[in-house]
Amino acid sequence: MKNNFSDIQNTIEELHCKYLPFKDGHTADYIPELAHANTNHFGIAVVTTEGEVFKVGNCEASFTLQSTSKPFVYGLALEQNGQEKMLSKVGVEPTGDAFNSIIELEKQSHRPYNPMINSGAIAVSSLIQGTSFHDKIATIIKAFESYVGHALVVDENVFLSEKKTAHRNRAIAHLLRHFGIIEEDNIEEILDLYFKQCSILVNTIDLATIAATIAGGGVQPFTKNQVVHSNTARDILSLMFTCGMYDSTGEWAYTVGLPAKSGVSGGLLAALPGKMGIAVYSPLIDERGHSLRAVKVFQELAKKYSLSVFSHEDN
Amino acid sequence: MKNNFSDIQNTIEELHCKYLPFKDGHTADYIPELAHANTNHFGIAVVTTEGEVFKVGNCEASFTLQSTSKPFVYGLALEQNGQEKMLSKVGVEPTGDAFNSIIELEKQSHRPYNPMINSGAIAVSSLIQGTSFHDKIATIIKAFESYVGHALVVDENVFLSEKKTAHRNRAIAHLLRHFGIIEEDNIEEILDLYFKQCSILVNTIDLATIAATIAGGGVQPFTKNQVVHSNTARDILSLMFTCGMYDSTGEWAYTVGLPAKSGVSGGLLAALPGKMGIAVYSPLIDERGHSLRAVKVFQELAKKYSLSVFSHEDN
Amino acid sequence: MKNNFSDIQNTIEELHCKYLPFKDGHTADYIPELAHANTNHFGIAVVTTEGEVFKVGNCEASFTLQSTSKPFVYGLALEQNGQEKMLSKVGVEPTGDAFNSIIELEKQSHRPYNPMINSGAIAVSSLIQGTSFHDKIATIIKAFESYVGHALVVDENVFLSEKKTAHRNRAIAHLLRHFGIIEEDNIEEILDLYFKQCSILVNTIDLATIAATIAGGGVQPFTKNQVVHSNTARDILSLMFTCGMYDSTGEWAYTVGLPAKSGVSGGLLAALPGKMGIAVYSPLIDERGHSLRAVKVFQELAKKYSLSVFSHEDN
Amino acid sequence: MKNNFSDIQNTIEELHCKYLPFKDGHTADYIPELAHANTNHFGIAVVTTEGEVFKVGNCEASFTLQSTSKPFVYGLALEQNGQEKMLSKVGVEPTGDAFNSIIELEKQSHRPYNPMINSGAIAVSSLIQGTSFHDKIATIIKAFESYVGHALVVDENVFLSEKKTAHRNRAIAHLLRHFGIIEEDNIEEILDLYFKQCSILVNTIDLATIAATIAGGGVQPFTKNQVVHSNTARDILSLMFTCGMYDSTGEWAYTVGLPAKSGVSGGLLAALPGKMGIAVYSPLIDERGHSLRAVKVFQELAKKYSLSVFSHEDN
């Protein structure tokens, strides 16, 4: 059979042992607050769509969502605005470029290529509906609370650190304003919303739970609430598969084969549709912004359990 | 349930009726021979991994493979050379660019981004092993014969037409030679191999059979032969999903959600993993090189049967 | 002989007659205030380095400097900071791109290519020395007053109009901040300085006088003051010759052959080294931002008087 | 006074002494034959428009023209085809890119930006008129013989060496064919013409004589023949000034200020309009393809004699 996960707890424990001494990479340095992360922290968590939990290592250590927030805030905006409006503002096309490339705007439409790169994520922030800035950020936090099943807070130091050093993101936002992708002049508010969403604190189990929710068609594995519509879950999975890992998306699809999203704080989540969510946290990242231990763990899991959504099931 | 295909024959007949009057688009004009295609031709074929066949319209009309050959010649080269060698020459990263963009080479490695764009496909041609040019082209044709289950021929007029007008592909090949991606000076031979593979004649049922073979983990649905290794089938599916539709790959993943490949002659094939192959042929293409009727048919099928590999199965 | 200008007054009168009915082009529309310019206005002025003046048409009509300010503010910053510091922040390389291209930054140094494109001009604004914003803008206005020989004012409506719609320039400034070309966080102040310099009001004779000053090695033709050092005048001439007309710089060098600078408000000035300054004003511009009547007049003058700095003098 | 050259012989002797020990740089390595050049060779020659000659060092050592041929073959094609035809095929716009950039073609017209980059020079080769390949190459050689005043030969080893390794130039030529800039299928003949022109052998005095001819409005300083029309000489000077030094054209204009052209074999020529031609030969080049000793010598000469065409003459 394709996926027999009966030994999954043993497997993640072995992988944790194997890669704990692995110290390649560095903490994200473009945001001072992230540079101080504990490089010994290393957690692996698996949450099934049925609500079973497997975990090893520092799964309770908290870190900020960063880019792992992008697919889910996109899902929120999608449910608020509908597919047509969303596609008029942000594409869903993969690009061979890095997350922070300066102008990843389609030549003709001036849309960001997709919501996983910064320009796309900032455009998405401008599309969040609400009566005020506080209403909008509350809506975003509430969405993530539905995913994880408990209250969440923003790390204000990380937020302020991002806000202070965000010259490139600020440039991107003004460019989006120039091209009319952003329609209002409230650039700083849009950026604040974006930095706040990136600064929400979670732990490894939270991340795996978010992934499990999407893997389960939008149904939270513990509360059994339908957190997002199953079509939204499908669109999020599709987007993560084609665009989730920036300029290594193709290599990831080829070697791991799961919809996934990484963040520069060191979190990496992936969804095995219909089965489970998997998350790994380790703040040592490579030059593309992916947690190095996490990539190793996923490659081994993918090989051992034939995780790829395109692996052939012999039944 | 997600996919109940009991009415599939009715459905494709209805879609055939609905889109037969649809005459948007134009035949490919960059190759004179393709411009003469019969624009009334329109076939839809479904072949299940069990060998059932559903079809409607001009499913016996023959046309040349063109770019629909790319994933499968890549699969052949992959089995001949191994993943490591292949990745050193051609990437697997999607790009936001069109199939015929002039220099889609990664900045640092000078590799073509992926084997679905012309530069990548030409690099793949240079990697086909054989004792002579005739041996190599025979190997390629034999591979496609294994997929379709019967003998195939090359359309020599299309081959000569492509060869004569291929200034851009010739430029690409010399550039790949410059960067050492192509290692020998036999540029014209490599291009001939590429033009020959593009000029192999098939019909709509053949195309659906190829797709069904890949959907079935490499097992041909009629002969039950293992045509390619199941890992190769997985890699081909992954590649088609992330790179198969050029600069509309993301939109296709979003609206259809199946690994697919189109060719400028008007063929479009898609694989529903574990279940079936689907192919549509109509030579009226859009500016991206996709058959317009085929795109319409697939979008409707995807909606009706929740075809997306990321659709949630309620079981 | 190369340049016999004895009939220059007749010539410019004839050219004025000839091109007054010529109504191609449009007023600049990206700044609302500029769109209202009187499209009948058309002035031609010649000022020799000796202080002779020839003029025809609406030479007293005032308009804002816009990009014609760029070479001279660069000259001011150059005298304040020295060549080494200036070259570390802004290159002097021509580029084949338009004045408003989004990111014209050299790949390795992240410097703007030259001070004639917007990114370069904004970087130059950040290099103007002064104890306060008001001191800096006073310094800039004073510099232009030295060139023209009388007091000048800023058009506050144009200034506010530019400030309000400058999303692209704002994006550029934040990007320059990101790359450390701009060293402080006072982005809005730098942009205000830039918009103010663009909004200084002059007339056609003023523009010709500025050109004559540079043509005369920095000596104002009426006051005989050394307004800038002769080496600065040389550097400004060189820069205007290689970069002054954006992506039509080469064509201009080829067909006119004089150091020149145009602005979207419709002014165009050129310097014949050692001899004279010439200016034409007409607010109808082409898609590259050059006054169409001005280009016509200069092409005819160049042909008639062999103006090109590379024309051979038979003496 | 601006240019008092009475001590020019002393000056070049001093500069020769000063820079003979300077061994930075490397010989061109992309053509094996050029890599073998004698790195001790170093010649400086000045030829006035009156026919005076000043020289020091290895001024009789022969080397191939390489890119120093480009402005003059362009001049030949210009006289054969006229300005309109030439401009329809090759632009005159500077670009911020290097000589060997892969596709320096204007986005809309698909013209090469200018005839100094390889794509432009190859396009120019396709425009040389003649009844046969041998007639065309004879015409080119004859043109250079008129410039230097004696017979010239092609270095067949360099020619064959270039021809064998020219994958990039071959790619460029096929791309120009694709875009219709090259109108015939005789790509190899056009490339052979280009490689032959690059392989013509000259020495430093020849190079200075060519420069002196252009500086003198097309009149050869020794034979007094009008080698090219004075308008052609003007256009060549203009082109060298705006495009002659590739991506360091602006810096050269800023620090030297003379129309110039360099070649990877180590020759560098510059023209002081109306006065003289100057050439330096030393095969040690920098990463941009300019002879390092030559650049040093020209910068010192420019400073000492205020060579810039935009230096102010106090008369």
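We just call them A, B, C and D in the order they show up, numbering each chain from 1.
The rule we apply is simple: a contact is a pair of C-beta atoms (placed from the backbone, for glycine too) under 8 Å apart; a residue touches a chain by one contact, two chains touch by 3 or more.
None of these values were measured; they are calculated from a predicted model.
Counting hops only between chains that touch, chain A reaches chain D in a minimum of 2.
Chains that count as touching both chain A and chain C, per the definition above, do not exist in this structure. Of all residue numbers used at the contact between chain A and chain B, over half are used by both chains, marking a mostly same-residue interface.
Centre-to-centre separation of chain A and chain B, using mean CA positions: 32 Å.
Each chain gets one centre point, the mean of its Cα atoms, and the points for chain B and chain C are 55 Å apart.
Note on chain placement: the centre of chain B and the centre of chain D lie 49 Å apart, centres being C-alpha means. Annotation for chain B: no residues touch 2 or more other chains. Looking at which chains touch one another, you get A-B, A-C, B-D, C-D. Within the complex formed with chain A, the residues of chain B that make contact are 91-97, 106, 113-114, 216-218, 230, 233-235, 237-239, 241-243, 247-251, 253-254, 257, 259, 273-274, 308-314.
Against chain B, the residues of chain D that register as touching in their complex are 102-103, 167-168, 170-175, 177-178.
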